[in-house]
Structures are given as C-alpha cells and as structure tokens.
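Two complexes are shown next, each including subunit A; its partner changes from subunit B in the first to subunit C in the second.
This part shows the complex of A and B:
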C-alpha cells in the first residue's frame, strides 16, 4: 500500500551517484563517515515516520536499536545463528516491546510529554536489564561479536559492502517516508499531528494509525541495530540503550525538518560529518563534544526554525 | 534477626526517598506553576555539585558550609535560564514540542560545557561525618543521608507554609491556577515565573550541597536524578505537592527493598516499570492536582 508512488527523482539520482563513490580511492575513514551519515539518516528517517509525521515524539528509539543489536548478537554468540535470521528475531522482539508500550499508550490517550516520558523510560529499563543479566550479556562491558568474515555472518573485511548496505537502507527508508508522505496513511498521520481530536472526529482510527506508524518505525530502527552491531562488532548497553543515542536520533531529524521525508537526511548531513571529524581530530575524550554543538543547534532550531534547516533552505530558494 | 534486617531495609527506603524528594521538589514546583518540564533540573543539580566541589577544593569549605553560597548562585542561574531560554518560548507561543526540544538542547549544552570545563572525571568530596553511621539500635543510620532526608522534610514543610501563607506563595499559586486571571488581578506573571524558576533551581542547589558528600559528581551525574524525579513527580501527579512526597516514598522503598533482595539494577527497572504502568493506568498520577 505504500509503494504505489514511484520514488522521487532526486533520491534516485543521489543514490545512483552514491553507488559509484567506492570507485574513488578514498581513505577508509571517509567511508566510515559516509556509512555513519547514511546510518543516522536512516535511523532519523525511521523516527520521523512516527515522531515527525504523527508527532508522537519518541525519546526512546535507542531501545529498538539496542534490541536489534543485542538479540541477533546473543543468538550468534550462544547458538551460532547467522545474523540474517537473528535480525528477524531482533525485529520481532522490538515489535513486541513496541506493541506492549505503544498499544496501551495510544489506547489510553498518553499524549505529548507523557508519551515522550514513557518512551524515555523504556531504554533506561532495558539498559538496567541488560546490565544486570551480566552472565549472558557481559553487563556494562558489552559483548564482542566473534569475527567470522563471511557474508553468511554479515561480516566483511572492507567497509565498502557495509557502505552499499547502508546506502540501500537509506534509499529504502527515504523512499518509504516519501511514499507515506504522499498517500492516505501519511495524510491520516499528518491530520493526527495537526489535531488529534479533529482527526478522530472525521473518522480516522487514531490509535491504529499511530500504532502502525510506530511499528513501521520500530521495525526499521531494529534493523538499524542489526546493522550497527555487525558493522561495529562490539556492542554495549550504555551506547545502545543510553539516552544520548535516542536524543541524537530525535535531534538529527528535528534539526533537518521532521515533517518532510528528506529532513532527517539534511539533519544528518549537518551533524554527522561534524561529529565524526571532531572525533577524528580530537580523539575519544572530546569527540562527544559535538553534542554541545547538537544541543545549541537544537535550541536554535526549536526556537527560531519550526521547519528546521530544510525550512531555512527552501525559504532562501523562494 | 531477619525482622531487624527488614526494618533496616525500610529505614534505608525512607532515607533514599528523602534524597530523591530533595531533587523532585524543585522540579515539581516549576511544573506546577509554569507547566514546563524542566528537563534540565538534574543538570542544575550537577552545576550545583560542581560549585560546591570547587568551593571545597579552593576554599576548603565543606559542602554543608558552602550551601549559603551555592543556593543563591543556583537561584541566579535559574533566573538566567528562565529569562533567556524559557520565557521566549511562552512569549512567542511556541508549541509544546518546541519546549521539549529546547530543554533537551539545554541538557546537551550544560552537560558538554561542564565536560569541556572540568573533564568527565568522577570527583567527590570526602566529608567524614556524612559517611559515618550512627547506631540507633536496632538500626544503622548513615548521617549524610539522614541530614539530606531531614533537610528535604524541612524544605517540604517550609515550602508548604510559603505557598499557604506568604504573599509571594499565594501569588505563585494564583498564577498556577489561572494565568490569565492572575494577569487581570495585576500580577506580573513574568516576574512570578522567573522567581519560581529561580526557587526551583535554588532547591537543586540545596540538593547539590547535601548530595555531594554522598555521590560522585561528573557532567552526567545529574541526569539520572532528572529521570528519577520525573518518575516521582509523575507517579504522584504532576504539580501535586503531597503526590511528590508519596512518589518519593514509593520509589525509595522499591529501590531499597528490591535492591536488597534482588539487585540494585533490577530495582531501577522495577521502578521504571511501575512508572510506566502508572502512566498507562492513570496518566494524571496517583493524586489529581
């Protein structure tokens, strides 16, 4: 139902151009930056489906990145199951958790800040559970994924295959967001964003719409977690379930423009290269200082630019 | 023996509740008056702890002694944040999500500025009195926590009388009940809001001084307290005074009982789960406003 509309031409052009980038003799950290750029664009696009279009601001999307990373990894470590199957389990677990939170939340009218709170508590719960189950998960020290370089185990020696996978993920997510923005489902969500009660009054099943948006977003986010684990080969609860990741996803999308499919990508284009380059230049200690910049930018955008940087760009163009 | 142990766990629960209430009270007051979640309350606490820490390092003042300096300092910081960041949100009638995002931005800015200034090292101040326990058979009571709990009870009582009887307290309550009516009555709500925010921040300053002997401070030390305070305040009913006290007791007890019988990490998971359940079953909290 979401795929009737062909994908936007610009997206196709950018994607095709991006496929030839690996021909260039670029150093590997450039690919790392590009992969992170695509990865965060992907995650924030997924976030935008529920939190931008539907305005159900989730501050707990890191829960699903974490579950998507942990479930396949644990299956791989303990049962030798390939992450490709593990991914299905990870997504299923994430969807179950999202349903457990989302259904009562939407059914009983948990709105605005209350919804944000409930979602903010979720990664914190999961983080403490994963830390306390240290016999299985390695606790706060995290868990390393055994190195078995093979496509069967979703592990590659060079960054290029990861780059193509990330590119495909981003392309599909952006295309999905674009399609949603232009069909009945998106219109329903936007109606809910503008006025939930009015949307209900004209016959939109508000609870179901929000829930579908949440589940779509969560499924994509959980796959992002699978990818992250396989790319990084090391996962730990603080990074994956920590609030900074949730905030980063929300910030990236908001700074771009959470109401348009391309917004999150714009946000990531600004934020990711900056933070990765800062990390490379200053090392791990001050690498996270990019959050200072994130915070300041977020405050400026929230205060002055309701349509994010994208709004600023289109205003200029006019 | 077993029953004594359980009693001790209960006493610990009360003391934990006292510590949490210290932080939650300020947050609750700001919400009650301004309908703004001060997501950055924990960061104010963190700034206060650093202020007390540096006064200890440079001037050799015990955190208990430097309180009269830290509290006004935080009041001014709170006033500044309200003036520069929060007030424009109201003035330009920005939607609620802009408030949330602005406060999240503020958290980032405060945390990472602190990191830039003081690195992310864990720092603490050793106050011998605070870490010793007095023995009131059959209990052992850690003095630092006892002081914090007594302080939070006295603050709660003081705030109760302040809101009930003082003129400023009445003005604040009137603004809380109906902003527009308050304007018609000639109340300068800008000033009321600035003062409320300042008092809320000052309460974070009190908490900072009393918690520094008990906890390590680093740029991220405040945030867990923000989350716990939110849980407490939401459990009890946002803006509700009695609710915050009951909420702290619930969370303090859970932490102590579950922490003792199972594990400390599961204790926070249980607290969060109860919080989420209460949100679902009764989003307005246990006590209506």
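This part shows the complex of A and C:
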C-alpha cells in the first residue's frame, strides 16, 4: 500500500500562504475561527475517505473524536502521562472500537442506511457511558485538563502554535485524500460506492477495502479529538460524543462534495463562519438554530447540486 | 482434468429447485453454450460458479482445486470472471474508469491499468466512448463495457450472461468474432448463456441444455439441435 504522494499545487500554495498569516496583527478571536475552520475541514476530510469515497456513511464519527479526546485526557489527569503518548492510546482504543463495529457490519453485509444506523448507535452508547462513569470522567459536567503550558504537555499560551498544528493536520489529511483519489485504493472505493456486487465480480475484496478505509478515517478522527482536547482544555460528553458533532462532520463534507478531496474543506468554509455568525447574533439560547440551517442547506444540495458546492464552483469556472 | 468441473450441483430456493444435480465440464479454450427456457436455471448456475450463491450440494473445481463456497472476489482473482445479464456498470464513472478498475486487479498502478484498459477499449470498439459516463451508454455499448471490464481482469474463464441480448445482428457478430479471437490468442474458455440460439450454435464447441433446473441434453451443436426433447422445449422452433 505504498504510493508516491503527489501534492496538488493549489493545496501547497494555500498552505504556504497560510503559514504567513500569523505575521498579521489579527485579534486572537480570528485565529480561533481559523483553527476551527482547519479543524472541521480536517475532520470532514477524514470522514470523506470512508463515507464519501466508499459511500459507507458513518453517522458515528463523533465517537472517535470523543475517544481521542477522553483517553489521553484521563491518562494525563490520573497518571500524568503526556498527551503525545496518550494520543497513541486514544487512537488505539478508537481503532479497536471501529474494528468491533466495522468488521461484523461489513462482513455480514450491512449496506447503505443499515450501516449508517448501526454507526449512529455508537456515540449514543459512549455518551451515556461517559456520563454515568461520573467518578472517573466527571460525568456530564465534563473534565478540565490541568494547565501545564509546555510542548511536553501539548499546551501553548498563544493560539499561534495551535494554528500551525491545525494547518499541518489539514494539509496532511487533504494530501492523503488527494493521493487516495488517484491511487488503486481510491478506484476500488469508487467501485464499491457505485456497485458492491459488481466490484466483487471484478475481484475487489469489498469487506477488506471498506475496513481499511474505515480504520484510516477513524485514526485521523481520533487524532482530531486529541487536538481538540488540548486546544480547548475542557471536554464534556455531550459536545464530543453527541450526535450533533457526527451530523456536523457528515454535513460539512456532503455540502462541499464528499467525492473529492477538497470538497469537505469547501463545506467547512461555508459552515464554520456561518455557525459562528449565527452564534454571535442569537447567543447560546438558539445554538441549535445552526442545525436548522444545516438541514436546509443539505436539502438544497441534495436536490439541486449533486456534486455539492464544489460542483457549483467548477461549473461556474467552465 | 477439465479446467472447470461442475459436479452434481443442486441449488434450492425454498421449495423450488433452481438447479438439480447438474454436471458440466469446460475444457481449456473451449466455448460451451448454455441454453434453456426462462427460469431454467442458467443464471443460477453462473451465480454458483462465480461464488454469488453457495450450492446446497455438489462441488465446483477449477484447475483441479475446489472453489465451492469461495467469495466472488476470490474466484475472480483465480481467473473466473462473470458478466451480469442486466449490465451493472459503475454508473457514475467513465467508461475508461470502469475498465481501469477491472485491470487494477493484476496491475498495481493506475497508469499501467489505464494503458491496459485503453488497449481493451480499442479492441472492443469502445475507445471513442472512453470519457462518457457509463450510465449514459446505449444498450449495445453497455454490453460491450460489461465485457471489456470482465476482460480487463485477465480471466481464464469468462462466464457470459446474455451479452448478445439487445444487440443488432452486426453488433452481435463483432462480439462473437472478438470472443473467437480471445480464445485463439489468449486461450480463454467461455461459458455462454444465451437466448439467441442461432448465434450461440455457430460459435460453441458444445451445447448444454437446461430445463427446470436439470440438464436434459449436451453435445455438439448439430446433435443437440436435432434432439427431440430440446425441440419440444423450444416448441418446435427451428434451431439452426
């Protein structure tokens, strides 16, 4: 499974330009928005590898953000283990959980919506476990990460280092998605997306391909959870395990174009600023209003834009 | 030993026996035509050989190894590739992408597979259509694409489920001569399920006739065509 990594030129240009942004005297709030933008682009790109390319639509990816956030945090709080090592544990736990769900689901042919429903159960289960294990996890109030500003503990006083880390995460994920798209693995996932039986008939091991895509996606997602916990320094079950996050990841990619590497980023460019604006205007009371907007946008995209907002942009360009 | 050896295969769906104790052999570079009325079990037999159905009893051997109960992708990997009666292209992908996916089984880079795919598309006269979305193709071209994708896998045996149906006489003729060329130049064997009896009679070395899940006749095309029971099934229609 080794391939040459062909980096798209546009991605490289945008990334290089983005590295000089911190020179500008911008308020720290702007960096928060940029970090969230990169973070959601990253998460949705990870999601798109299994759910966009292979059309195995997961509505449970928040589980892996949650595990990626909680496992290193608990290891840090109780055993003083640095999140860099904790991250490995968080990813390992996430992969194990993904394997427990994914292997039987794919092996015994849970297809289409059936797979999606199965994945939806996971965050609901994990959320109640992390709420009820109050003595360890702090329950629904969540858990604060002790402040120890240092590279060793993946904590920084300013937002700039987080910005660079998020930029690197996004760059690597987008580049990985881009290479998969041009590689045999991407072609196999496309075949599975179009017709699983026909894919099997030309010799594609459908179960194995889906599983590899799922595990790749989950590993990236869990790392996203690690990053989120260290950036926010506070985590709670409802935010991280809750279904809204799962839906947000899926919606972002779907609105952009789940079949292309840049699609999720396009989706995040629209959704992240919008939900920020909405939050400023309406306050926390109407926080769920953004979901109304997501739903409306999803309907419009499903009805009129089969290739998402990206399709609209490329059509205009022609 | 025969290249493909089907031994007393039975497949039931509930109370209905779709196949009853069917034996069939296919030698290297041989073309065997499988005919029979609707519902006689022809497609079921293809599904059993290709691993889409597991037979209730009986065994299938390929090149001396048992392949009964293997997954479709494992059987395709070994060299038995099928086409679907109702064509199943990867609809939103281009013709070239469809065939490239087939070729990727043996070639690990997309460039190599694409080169191979283009060659196949040229030989099957689909080259001009290579960038069309495959769901927009005409029936004739969809059949060609189905065949092209199967060929790209590099099969030793092709199981063709009504590739000629819906084609004009000249289209069918060009596909038949392509099959003959594949057999001579690449040593491919064919099991061809077909409704157009006339076409299959001219190209097949041997014909097997299924009726209600049982093999009722087998032999050279001439002798099968002369067979009383076969004539009765086709209601006295002229076969040759």
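Rule of thumb we're sticking to: the second predicted complex is superposed on the first by the 309 of 318 C-alpha atoms of A that agree within 3 Å, B and C clash if a C-alpha of one lies under 4 Å from a C-alpha of the other, contacts with A are read in each partner's own complex, and residues count from 1 in each chain.
The working rule: contacts are C-beta pairs under 8 Å (C-beta built on N, C-alpha and C of every residue); 3 or more make two chains touch, one makes a residue touch a chain.
Everything numeric here is computed off the predicted structure, so don't read it as measured data.
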For the three-chain model obtained by superposing on subunit A, do subunit B and subunit C clash or fit? fit
Thinking of the overlay built on chain A, is A:201 touched by subunit B (first), by subunit C (second), by both, or by neither? second
Output check: A:114 vs subunit B and subunit C. Expected answer is one of first, second, both, neither. What do you get? first
Using only C-alpha centres after the superposition, what angle do subunit B and subunit C make about subunit A, to the nearest 10 degrees? 80
Name the contact category of A:303: first (subunit B only), second (subunit C only), both, or neither. first
Between subunit B (first) and subunit C (second), which does A:188 come into contact with in this model arrangement: first, second, both, or neither? second
Which touches a greater number of subunit A residues, subunit B or subunit C? B
Contacts for A:295 in the overlay, against subunit B (first) and subunit C (second): which applies, first, second, both or neither? first
Mind working out whether A:250 is in touch with subunit B, subunit C, both or neither, as first, second, both or neither? first
Distance in angstrom between the closest Cα atoms of subunit C and subunit B, superposition on A: 12
Where on subunit A do the contacts with subunit B and the contacts with subunit C coincide? none
Would you pull the subunit C residues touching subunit A in the complex into a rising list? 50, 52, 71-73, 76-77, 81-82, 84, 88-93, 97, 100-102, 104-105, 108-110, 113, 149-150, 152-153
Within their complex, subunit B touches subunit A through residues 37, 85, 88-89, 92, 94, 96-102, 104-113, 115-116, 119-120, 223, 227, 230-231, 234, 263, 265-266, 268-269, 272-273, 275-276, 279-281, 283
Touch list for subunit A against partner subunit B, complex: 55, 57, 59, 101, 104-105, 108-110, 112-114, 116-118, 120-122, 124-125, 128-129, 131-132, 243, 247, 250-251, 254, 285-286, 288-289, 291-292, 294-299, 301-303, 306
Subunit C touches which residues of subunit A in the complex? 182-184, 187-188, 190-191, 194-195, 197-206
